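Just below sit the structures, each encoded as structure tokens.
Two complexes are shown next, each including subunit A; its partner changes from subunit B in the first to subunit C in the second.
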Partner chain A sequence: MNWLSALARGAEIPVFAVAGAQGLAPVEGLRRRPGLRLVDSPRHARVLLVAGAVDAAHKTALERLHAQLPPPRGTVWWQAAPLFARGEAVAGNDPLPAIRAAAEASDPDQRPDVPPHPWQGMGPHGQGGRGMMGGNPYGRPMAMTAEDIRDGLELDAYSARFGPFLPMLPPGLALDLTLQGDVIVSVTVVSPPFEQGVQGDAPDLCAARMLRLMGIGPRAARARGALMVLPKGSGMRRRLAAWLRGGTVAETPEPLSEALPGLEWAEAVLWLASFPPSQLRAVCMERQAA
Partner chain B sequence: MIAAALTLLLALPPLVWVAAMFDRIGTGRGAVLIGPLQNGAALLLRPNTATEAPDRLNRLLAPGWYLALALVGLSVVPLAPGVVASDISTGLVLWGACEALTVVVVFLHGWSPNAPLPLIGAYRYVAIGLPAMLLSMFVLIGAALPAQSLSVVEVVEAQREIWNVIRQPLGLPLFMALGLAITLRGPFDYADGAELAGGTSAEESGPALALWHFARAAMLVAFSAMAATAFLGGHLGPVLPGPVWLLLKTLVLMALSVAAGRFFARMPPARMLTFLWVVLLPLSFASLALVGVEVLP
Partner chain C sequence: MTGIAMPLILVLLAIAFAVTMQRIGAKTEATWPRRAPFLGGGLPETHAWQRFHVRYYPMTLLFIAFEMEMMFMYPWAVVYVETGIVALAEMGMFLGILSVGILYGWREGVFRWQ
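Here is the complex of A and B:
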């Protein structure tokens, strides 16, 4: 297999980037760097890059993310204080040398390979639900039928936590969602998005994030009817159009727990991406304070 | 027949490579020629991932099935007069079966890791895949009508005078929509999109992921060869030998599919579902009706 290894040496390093506080803009800047490729899933990555400070409250989530990278894996903390003793920290503007080094590294497991919760021992099969459905065996949620919010038919409802490092959500935002299929039934905000400062609200960056969710690059957008594919009446077209013109968006989103239920997953993530991170953070913080 | 099958097997890997190169052109990443090979090699050296309580058999087989469907679909394409791997009188039906089974295979790929994002991708793909397949059936019946046969060889022969792309101008664009759907591309990538962090492939890594990408590219080759055959006259053409014409047309359609995948934005699935049933399917009926009127004696 020597020739395969020799060929693989020139490959781009697949990196899963976690954007912490002030980390969104620097991560976006890495997207066009040769030698590395930002991937959407930690399973596809060789290196975990933590860019910007992550609250200690998210330590367990970050450790779980680390465990999702198939071994051998490496970790780089870029302008971030390490939350656990894996990988190297870099402070400068260029994390690429550290990423290259991490691509040769092999972090040991950070979390023990055991279920996050014990078997709960409730209900007829001990999983905590009714019959053979529902419950939370070993901390893994199982679906349970409930009335569909659109037509009242009984459909499986599935509750789980999404975030804080899912790449399609604003970094830091963690939501407890109940889903029926891909329709969001209920939403609780667990943690607000991280502070991103003014660069996080930059129009080109916001537009690029939204367009990526629609499967096209930023250059494609203006002429290509990207606006037409967005649903009418949600304000998404207006906000994307403003960003594409280079303008800023100052609209305040509705609280997430009211705006998201009833939306399908793709629409919900587009809706979230259609607000500047600072506005989303403000509305989530307000809710938590109340 | 054996010669044709061997030719296809030998031609597929280089064409998959070309497809991967097309995907890199214009992305600003450089290394267009060697990049896909290097990344593929690196991926092969990574381990497969284990998930909790997966459907092991289907997880193992889904990428292989996808590749097999691409190969079977490709086998009905005549490479030159009389040279075709599956020389059957119902070639278009066999191709249609491959399209339909692609929906099943992509679903299994999303179902088997037992994780939420892949499963959402799988269900969404089935919802979008069904009308996309229906559309392609009407379009292909349109291509079969002038030939009065479901044999792909006859469909090519019927285009000696005039190519179907001119006779049925709506056919090829509508068929391209199907091509984007079965190759999980751009506006029809409801299975593996960025809003699901890779969707059905989100939990895959290593050789399993490499094979899935290979199969996707192979399906692009199969689709392009089929589209070239049904609408651009396949191996027909002056001066150059038949297989060269087929290759050139296939490459053009591959490039067009890649470009279309980058050009058009992806709608939220509910909107796409309405668009498919309300706009594209009636258009395919209209296209079929026009072809019917045209071939009336």
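Here is the complex of A and C:
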């Protein structure tokens, strides 16, 4: 069994990276490191890497993420103060040894094993809710239809909190979204993106993030095609082209609650990625201060 | 005797097979937080079943309870005079079973305008 475990140890470690404040650029740097693979879902990950400081306000969200890694799981806090007592903290520039160590570890559960919304039946046997169209299975209402903002047809409206650690959104950005199909109907900003500093706005990193969202590797040869794919008139082409040329983008986005409704999910994600993190943060902070 | 025994054995075998499959089948050891959809730390406010919500279900129930009932009553009406009281009893049983469905729908609020 020894050679088998030695072989297994040589494999890439799937890591789910949570970028905190000042964590975006270091995480981008990890993508090129051999020995680990950054995955987009905690379900595929062996190690949870928290890079950069995360507010205590996001502790529960981080715990949920930790609980969504299938066991055995390990945790590494890289240049971040641990928010809960799992895994170990690393201060240096290279988290790889700690990630290797965490890949051998097995954290116990951080969240209690209870339903997030317990069953709340109305009947004497805990059955059902109100009527056959509605009902409250596991404490959450079934989605009811609402008028579609595009054509006035009635479609199911799905409400959920997205973020703050969703890989396709800027780290720290938490949105309360109502979706109909994949069209965004309403947006509330719950928490603004984390501070990323000057490094986070670096043109090559911003362009790489956007190209990755489009499923294109950061290869300049195919970037011209990527520009054609982006929807016209949204300014995304202009901003991506500027980044690909190595220039900076100083445009200020509209407030999210006005810009996102009406966009499809994939378009909205790209639109968010087409602004430098500092500009997005500024817009969200403004809205929160008001 | 074999006429009854064979189906009985088959039924018992089927039950044994189902129970065994249930025992040896994959059991999820996933905890509650692990089973939640991945939203980057957020939680959904509406239930995941909404994707599979059979909205036409109450309509179907009513359709079977009233429309299909009528379908069977037409041929019944043709033979009613010849067959007499037996047909009446049979139709009574049939309607009795169907009315359970109507009562169930009533309890669930099918007749309420939503």
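Just so it is clear, the second predicted complex is superposed on the first by the 252 of 290 C-alpha atoms of A that agree within 3 Å, B and C clash if a C-alpha of one lies under 4 Å from a C-alpha of the other, contacts with A are read in each partner's own complex, and residues count from 1 in each chain.
FYI, a residue touches a chain if its C-beta (ideal position, glycine included) is under 8 Å from a C-beta of that chain, and two chains touch if they have at least 3 such contacts.
Note that the coordinates shown come from a computational prediction; the quantities given were computed from them, not determined experimentally.
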Which superposed partner A:Pro231 touches (first subunit B, second subunit C, both, neither): first
Which of subunit B and subunit C A:Leu7 touches, first, second, both or neither: first
Partner chain in contact with A:Leu48 - subunit B first, subunit C second, else both or neither: neither
Partner chain(s) touched by A:Glu267 [first = subunit B, second = subunit C, both, neither]: first
Subunit B versus subunit C as contact partner of A:Val90, first or second or both or neither: neither
Touching partner for A:Val187 - first (subunit B), second (subunit C), both, neither: neither
Which of subunit B and subunit C A:Arg64 touches, first, second, both or neither: second
Which superposed partner A:Val15 touches (first subunit B, second subunit C, both, neither): neither
First, second, both or neither for A:Arg212, with subunit B first and subunit C second: first
Residues on subunit A lying within both footprints (that of subunit B and that of subunit C): 41, 43, 70, 140, 158, 160, 166-167
Residues of subunit C that touch subunit A when the two form their complex: 30-34, 36, 38-47, 49-51, 53, 55, 57-58, 105, 108-110, 112, 114
Interface residues, subunit A side, partner subunit B - complex: 1, 4-5, 7-12, 14, 32, 34, 37, 39-41, 43-44, 46, 70-71, 140, 158, 160, 166-168, 179, 181-182, 211-217, 220-221, 224-226, 229-231, 264-267, 269-270
In the complex with subunit A, residue positions of subunit B that touch it: 27-31, 34-35, 37-39, 41-42, 44-49, 52, 116, 120, 123-124, 186-187, 189, 193-198, 201-206, 209, 261-271
Partner subunit C, residues of subunit A touching it in the complex: 41-43, 58, 60-65, 67-68, 70, 109, 111, 113-116, 128, 130-134, 136-138, 140-143, 156-167, 169, 174
